[in-house]
Amino acid sequence: MENKIKVGILGATGSVGQKFIELLKDHPWFEIAELGASERSAGKKYIKAANWIMKEPLQNHVADMIVKECVPNFESKLIFSGLDSSVAGEIETDFANAGYFVISNSRNHRFDKDVPLMIPEVNADHLKLIESQPYAGGIVTNPNCSTIGMVLSLKPLHDAFKIKKINVVTMQALSGGGYPGVSSMDILDNVIPFIGGEEEKMESEPRKILGDIKDGEIEFENNISISAQCNRVAVIDGHLETIQVEFEKKPTKEEIIDVWNNFKAEPQELKLPFAPIKPIHYFSEDNLPQPKLQRDIENGMAASVGRLREDSIFDYKFIVLSHNTIRGAAGGTILNAELLKANGYLDKII
Amino acid sequence: MENKIKVGILGATGSVGQKFIELLKDHPWFEIAELGASERSAGKKYIKAANWIMKEPLQNHVADMIVKECVPNFESKLIFSGLDSSVAGEIETDFANAGYFVISNSRNHRFDKDVPLMIPEVNADHLKLIESQPYAGGIVTNPNCSTIGMVLSLKPLHDAFKIKKINVVTMQALSGGGYPGVSSMDILDNVIPFIGGEEEKMESEPRKILGDIKDGEIEFENNISISAQCNRVAVIDGHLETIQVEFEKKPTKEEIIDVWNNFKAEPQELKLPFAPIKPIHYFSEDNLPQPKLQRDIENGMAASVGRLREDSIFDYKFIVLSHNTIRGAAGGTILNAELLKANGYLDKII
Amino acid sequence: MENKIKVGILGATGSVGQKFIELLKDHPWFEIAELGASERSAGKKYIKAANWIMKEPLQNHVADMIVKECVPNFESKLIFSGLDSSVAGEIETDFANAGYFVISNSRNHRFDKDVPLMIPEVNADHLKLIESQPYAGGIVTNPNCSTIGMVLSLKPLHDAFKIKKINVVTMQALSGGGYPGVSSMDILDNVIPFIGGEEEKMESEPRKILGDIKDGEIEFENNISISAQCNRVAVIDGHLETIQVEFEKKPTKEEIIDVWNNFKAEPQELKLPFAPIKPIHYFSEDNLPQPKLQRDIENGMAASVGRLREDSIFDYKFIVLSHNTIRGAAGGTILNAELLKANGYLDKII
Amino acid sequence: MENKIKVGILGATGSVGQKFIELLKDHPWFEIAELGASERSAGKKYIKAANWIMKEPLQNHVADMIVKECVPNFESKLIFSGLDSSVAGEIETDFANAGYFVISNSRNHRFDKDVPLMIPEVNADHLKLIESQPYAGGIVTNPNCSTIGMVLSLKPLHDAFKIKKINVVTMQALSGGGYPGVSSMDILDNVIPFIGGEEEKMESEPRKILGDIKDGEIEFENNISISAQCNRVAVIDGHLETIQVEFEKKPTKEEIIDVWNNFKAEPQELKLPFAPIKPIHYFSEDNLPQPKLQRDIENGMAASVGRLREDSIFDYKFIVLSHNTIRGAAGGTILNAELLKANGYLDKII
């Protein structure tokens, strides 16, 4: 245990923070050493400060930790941030300036030009942006939960057949709205056809993620047209998305399935602890994937695709499902940290 | 009461049949006189034969009616059919041959070349197809429940700006699957991204509905590209659909809203009893319409639209909601019958 | 319109306040003239101050009213209070002292010895308590939403057969928790077996409601043992309760049903506008009443009972359903006001 | 693998049969060798015959098994039966007569005087009834899913303080109704206050389970009064029950908690593979246990209790939760088989 990297979690009482705690239990490389939250929680035992809503029971040694304020006086040099975006920007900058490595799930730094917006299977090469960062430490961010499944399923197709247009309609889970989030009175027997800011994120983030590094900077992928429509449905976990795609060169259905089935990237080669064995699982059944049935595949770290068929307006349409609080948030962030470590970026802080 | 037109209902024990019974209570023109169902039910009192699942209590005089077999020996010459498609085709033909006027919600005759596939606000002129029918009586059909809201919201736009492409993704209610329909174990905390045959109906029916009559036949509207993706969500009533549309001549947002707000057609001019005052209600709020909030607008007979915004792939995107068992099934069928009567087509049978 | 009694609503932006507004539309005796809410809302148009969550659209003339602070400078002398219990006590006292008649849905004054805890069909005679009140105006309160259905169904049985023990287990609707209330993440695919303070209310309120007036004071009904267990379930509206009851003198099943079917009280005799024609509807079907099917009976103002059967521990068990936000809150409060008016108690303020 | 006991599953395509298959994967003692189902399925590969609805993917070697008819020509001598009660009685008798050991989840033989109605932690001593059976093989049954959690939580209290009265109200999960079971249209936004036959089972089964063996026969525990009321709620898995109990000698709250916390029985001592380490988990939080949070405790094999408090009619009230398809059905049946094996009852068939 002594050899594990000590980790601090910012925003530890929120739903993303709690998911970090749940998922980091028994992590082979990282151990939770410090928890940060708002002034209101600081000074209290974690179990008193947090309203634990995860399914797995809270571990005793974490329950007893005294929550700290989110100021850069942590001993742990690796920081996971699940901070609310209303405060994340400044706090994360402060930590990075003070020499901490901040792996964030918040949106504030996503479009900083020297901050990787990272999906390890998609743009591991963006890590080198870190070298341009002005910080004594560093910052790496996670895309939005609804972006991750989409881009993960499209990346190998883009590499193989060059995508021109992406049209996506989402049916997103309640946990994506945080806790308490969506009122039960609003969603039972209902769909809410609006999620503030979500469509904009889905239309902009892929351009950075799929961009190429030129002269130390990311050249955004602006040749793809993207249109997103986002809806909230009465599902606890798992974002389901219908996707239509047009290619420069239309492949056959079999070629697409082959590309998905054979897709592996750096996290798989490095056998990172949180990396799914197969990042993309293809289902041939008419009615799969479904949130309740497939969201937990590969511990919630893989995307599931299905219903691939030709389209009369675009080239193909299909559906993709991914677990929004695991792959799409806390689990994705942990995988980012693993990628950093495997590439030596954490050497300076441990 | 004596002056009302006597009506027979085929498939009276099923969910569409029950909705006919519920909606026809107190109808100013029609009165339920006879009920037909399968052999298994025939000879029983309706209340014994049917598992009444409507919210409104069953009226006593209907409860006590003896269910008949679905053979053309009814006294009522106007027939509403909610028959299952496994038997509807032949039975409806038999009734029409025997001089009955069959207003059907089943799909079997929808693509018969001399049968109107009718949405009264959209293609009332198709009624004249009836004159080509070989039947002593006649047959008129209803489109699929997911088609109606879409076409109703698009028809005035097509008239004004000529539509070239329609892209639709649906989130459809449970009642669209009949009763008992979708298992609770399949849909609670879930979305089912597949409804058998539904996408094909949505891609084909609009071509007939929007077609023009040439030389006594419908010339299908084949210049529009249509792509549909259909999903089942945990909502009791009300199909919500995201729609993207491309026009020959892109209008402004205001022009579209004006067209919707001013849309009226023959049912409104004739003040048909089941006609909504405004067939299309536009909402400017970010998060409306929603199934639970707007499905019952104008007694479930109007479509609600909202979230109109420019699209980066098509010209515009918006959402439409309509009540699938009222406007999309039994209520739409009743409006069809009203249109027939108002145009004199029922004169020969009453 | 000029002859209607002008009404002010306190807590107008909350869910009970909104329900008052929805239900008072077209009321034959009362018209909404003023709206009060917290400082944060005061001075704004109601439509800007409130997040309207009722199903019926907000009426324009109410939407445009300027919200007032909850201080006793209203012109309307009849006040409906849906105030949060954190502030209701003092504000309601202030209004009553200043000569207003406050009909409250809040719990603060329920156990004041001179304040009626009123269910018009049950204890209309408690109205005379008002005469002992020290206020220039007056205060009348409503019981808790889960108490009302239970006591309404038990009152005629108590009169006829004298109840000794009441055992109740509730399955309560989400709307009872206010808005936003219960998080969707907590209740989807779940039951929450706890509602703070609810069991205590159900065990204490019936003692006052069923008490007799002796020498101008209520003698509590302390001869009945009451045990309550309260649960929250995924239902929008309608509290369902299983009830077991033991009598001094065990009646037959038929006697109980007769008592229920024949039950009428002062609101029915006075034909108060919000009074149900039959306060109690008995269902003989095995599986009724159900929240979704029966909650709206008599516009949500009647209780539905069913599954009456002998019990091996108590004398009988049965279930009761009542609409928690109508009969159990705003509608019940309005009926209280109607009873006051019909008995001349409002003469001094109009 | 060769040393495992080969097992046949009757009713293999139904939901209980599927759960057997899911749970027996990697069982240390048993391996699935044969599958039986109705004539309609017999002769087909299992994957073609069954509509697999479990969350865990179906194992390939089971998917490829050819389904047999349910006639006693199986090679496996240990038989798990998830047969529908319409056919289970006779088929199970046939197998037992032919020398098979049938561990059944069906209700048909539950009240045969020589058949144990078994909860291994409660009445392991009833196993010796088997010796009176006329069969070449034998039959052991499982109680109803709603009985198991209740009796498991009450057994140690009965041993310590002698129970006189049990009053139970259930909120039962959808999976208890089989598949497809409850229609989504019936349960969304609703509670169904009736489950056919369920209350009778809960009132009768505990008498046999808690009975003592006298002269080779069970003397039913008829000194306890039991009253049950059963409701279906919108929860996928996990029956929640409110229980009130009266003792001969009222213990303190702490004594009850101690008894629960220290409860262990034969399955724990024998360390049976499916035995929970602690059969009963006590929660001190106000609002626990909840179906979604605690149903999977100890792989779904333990009961969770909470909200223990004094009652004004009985001595105490509390809630109990148990997983209805694991502890309450397939998992309980497997534990029964393990108990049989550990006690040598299977020696004659292996």
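Here the chain labels run A, B, C and D in written order, and each chain numbers its own residues starting at 1.
Assume a contact is a pair of C-beta atoms (placed from the backbone, for glycine too) under 8 Å apart; a residue touches a chain by one contact, two chains touch by 3 or more.
If you're wondering where the values come from, they're calculated on a predicted model, not measured in any experiment.
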**Complete:** Every chain in contact with both chain A and chain B is listed here as C, D
**Asked** Which chain has its C-alpha centre farthest away from the C-alpha centre of chain B?
**Response** D
**Message:** Roughly how far is chain A from chain D, centre to centre by C-alpha average, rounded to an integer in Å?
**Reply:** 41
**Item:** Rounded Å distance between chain C and chain D, as computed from the means of their C-alpha atoms
**Value:** 43
**Message:** Can you compute the centre-to-centre distance for chain B and chain D, using the mean CA position of each chain? Integer Å is fine.
**Reply:** 48
**Asked** When you check chain B against every other chain, which residues touch at least two of them?
**Response** 188-189, 234, 236, 292-293
**Message:** Taking the touch rule as given, give the residues of chain A at its contact with chain B in the complex, in rising order.
**Reply:** 165, 167, 169, 171, 189-194, 196, 203, 225-227, 229, 231, 233-236, 240, 242, 244, 286-293, 306-307, 311-314, 317, 319
**Item:** Residues of chain C that touch chain B when the two form their complex
**Value:** 55, 188-189, 292-293, 296
**Asked** Inside the complex, what are the residues of chain A that reach chain C?
**Response** 53, 174-175, 179-189, 234, 236
